[in-house]
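Shared chain: subunit A. Partners: subunit B in the first complex, subunit C in the second.
What follows is the complex of A and B.
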């Protein structure tokens, strides 16, 4: 099978990540229970006539995908694959609100057009004039990983040479309020650096758009090679270790081969024990990193983790702000990302320097 | 009539998200589509819904919109002659 190279990255997140020439040079700290993205100047990327109908998620994704394509030095691709938990939920909410408010009359087209999950992939394709494979995966916390798997399989099986793959989710009012009502968002604001010490229920909710150009050809801009991705809809804490080991074995690797484990701790006292389980057993001697104090938690937050892992390998730098334990990495070549959300939809993603 | 024209400009800017356009920049006889304000077919649908919702005017034939939506002047004249609320 052909190797899969990660030739470029693009990110719009709660940190200033949209500038690819920087790598967490300045950290924005929050004391909140929701963290919105630091928006770039969208007018620099999107013509005003096009931007006026775009939901936030589309704007974020347009910037992120443009940055990825620019860095890879390409103008078009064979396929566009996007993962999203809830798509353009903001316009969906407004469309449904209008239905109720106007007694099912006077429904306007713009909100309807934009309220579907695959709007982002469609808008990117329209912008690029890309008529190739266009797919959107909607699968909660493994939406981004599902997209990665599809992209990887397409490249390995020679169905595509270059694929734009990404993940996006947006913070919107009603969605946030719903999550507050069911206790999935922390009741109290939490300072970024104290997220893991909060020991309370729920998450700090975030948003973001992360896009990557994957290819069977290694470009000068290449960050790393994508070795493997695996998702698990259900997985108990007790079976976590054996599944991680089996995943690595399939790549003919062991725990000692992992230079850094990036864990998805989000400060939820009920579900961080999954990460603690690995951190204190399999990875007790492995350097560990975390990131949701910087990005917030959302269905495609692992897009931020994937961006982080690629940046770490390319710059050979592990920023202090993401270090979870005191073990200093001997080298930064092979990185494993592990994530789950509320004990479900687990994922393992492995990348390596190339 | 001038109040209606002012109201239409405000509604168009708000409902079509014309963030970079102010009321003063839209002349009463500027073409709304094409070379003028640059509106497109989706905007035309939004304007048809606006006529119905805000002025009680149902366009039976969407092709009528081509003449009605030529400019603020033509819109205001049509609304003044046909409005039911």
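What follows is the complex of A and C.
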């Protein structure tokens, strides 16, 4: 099978990640239960007239995807695959709210059009004039991984040479307020550096857009090789270790081959035990990192993890701010990302220096 | 990459029937499912017609053995009913006895419930169970639980009105490449105020029965449905000595890259999708015996699709019809319901009528099949197009 190279990255997140020449040079700390993105100067990417009515998810994705394409040194691709848990939920919420408040009258189509989950993938295709394969995955915490699986399969099976793949989600009031009611989002603000010690239920919600160019050709800008991605709709704590080992085995790897495990701890006292389970058993001698204190939790937060893993391999540096245990990696070549959300939709993603 | 993708089970619920057999009987007896809306209290109720499923949520829950007070969206309930039927037909006793996946398409997710309680959530906790049911993946997760699928690839696709077609396509690709042995694919969408008002603002809803490919067509009727197929690899078919209903022979996905909500005048995306599907199947246009068209009855779609058919098939366009006059446009599920109809067409060697057609379009001389027709069918092509420029084509065949 053809190797799959990650040739470039693009990120808009709650940290200043939109500039690819930097790597977490300055850290923004929060004391909140929601963390919005640090906005790039959208005017540099989008004509102001167009930007005015554009959903934030589209804006973030435009910047992030353009940065990825620019870094890869290409103008067009064979396929566009986007993962998003909620799509441009800001527009969906506005449209519902207008329906109720105005008794189904005086509505305009823009909100409805942008609320279609595939708006981002469609807009990118429109902007690039890309008529190739165009998919949008909308499956909670594995939306981004589903996209990676599809992209990888396309390249390996020669259905595409170069694929733009990404994940995007917006932080929106009604969603936050309702999910706080049911305890999915923390009721009290938490300081970034104390996220894992909060011992309270719920997460700190974030947002972001992460795009990557995957290709069967290794570009000079290449970050790493994508070895494997697997998702599990259910997985019990007791079955975790066995499944991670089986996943590695299929790549002819053992736990000793993993230089760094990036874990999705989000400070939810009810669900972080999944990570603790691995951290104290299979990964007990493995260097570990975490990131949701920087990015916040959202359906495609693993886009940030994937960005982080790629940056670590390319720059050969492991920022202190993401280190979860005291074990110093001997080398930074093979990185495993493990994530789950509220005990469901588990994912394993493996990349290697190339 | 030369593996067959067998269809071993099908399930469907739509405005013309609560199961596959009822759907088939309605199609061949010309019984359409379009009516005034009864289950949603919308101010537009006298201006629109819809393809509404008869059963209430309470009735669906009772049939599925789900307690009435359980918070489940109509979208998820419809999915469970249709997928149960598909799994039953496929004779699956242990769904986890091989690498089994689930890929479902939806556009509205749990919006049918969320729009009811949007502000009420802040007044009372009575309906809080629906809060996390809004996201599109929720109906798929609940469906996976209902079917007992565990530790598996379960995902949701939302590419507007091509969602289920793309779910079928992804499932076929995952079987071909050996990632899955079995996969349940399809889609589900329920009617809700959100889509009724959305399409209303776009001014593409007809105030009467939709008339695909007719010169005087006034727009679409929204519908609701769920439809699923069980796809299995050659190995599983052999292992379990399965009866094969048909094969997913070809698939193609392209983007029109023309406009967020309209198709290009000459159907560029549709042409590319059909070309790709033909290439994957190894067939030529002359091998296609029947086309189940997207045919939404909007002025834009039918013109664009008609032109794309002429570009692919030239002056030899095979019999084609849109079944949306029966079901309405079921959005994400269109490609799923029509996949079931395509396989039924192959099994019964029958072409369904394009109802409500009277006046040929003036732009070209395409005439849809308007009566039930018996014809030996080997390959059926099905189109599904959506907002965002998403164009998908599937080809179903009797042989692998």
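Quick note on the criterion: the second predicted complex is superposed on the first by the 354 of 354 C-alpha atoms of A that agree within 3 Å, B and C clash if a C-alpha of one lies under 4 Å from a C-alpha of the other, contacts with A are read in each partner's own complex, and residues count from 1 in each chain.
In this section, a contact is a pair of C-beta atoms (placed from the backbone, for glycine too) under 8 Å apart; a residue touches a chain by one contact, two chains touch by 3 or more.
Treat the numbers as computed from the prediction; the structure is a model and nothing was measured.
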{"item": "Dominant toucher of subunit A (residue count), subunit B or subunit C", "value": "C"}
{"item": "Subunit B versus subunit C as contact partner of A:126, first or second or both or neither", "value": "second"}
{"item": "Contacts of A:49 with subunit B and subunit C, given as first, second, both or neither", "value": "first"}
{"item": "Which of subunit B and subunit C A:162 touches, first, second, both or neither", "value": "neither"}
{"item": "First (subunit B), second (subunit C), both or neither touched by A:265", "value": "neither"}
{"item": "Which of subunit B and subunit C A:105 touches, first, second, both or neither", "value": "both"}
{"item": "Which superposed partner A:113 touches (first subunit B, second subunit C, both, neither)", "value": "both"}
{"item": "Those residues of subunit A which subunit B touches in one complex and subunit C touches in the other", "value": "105, 107-109, 113"}
{"item": "Contact footprint of subunit C on subunit A as seen in their complex", "value": "80, 85-87, 92, 95-97, 99-100, 103-105, 107-109, 112-113, 115-119, 121-123, 125-126, 128-140, 142-143, 146, 149-150, 153, 156-157, 159, 174, 177-179, 181-182, 184, 230-235, 239, 243, 299, 344-345"}
{"item": "Touching residues on subunit C, where the partner in the complex is subunit A", "value": "1, 42-44, 102, 106-107, 109, 111, 114-115, 118-119, 121-122, 125, 128, 131-132, 135-138, 140-141, 144, 149-160, 166, 170, 173-174, 176-177, 179, 193-194, 197-198, 200-202, 253-261, 268-269, 272, 386-390"}
{"item": "Footprint of subunit A on subunit B - complex, ascending", "value": "15-20, 38, 42, 45-46, 49, 52-53"}
{"item": "Touching residues (chain side subunit A, partner subunit B) in the complex", "value": "48-49, 51-53, 102, 105-110, 113"}
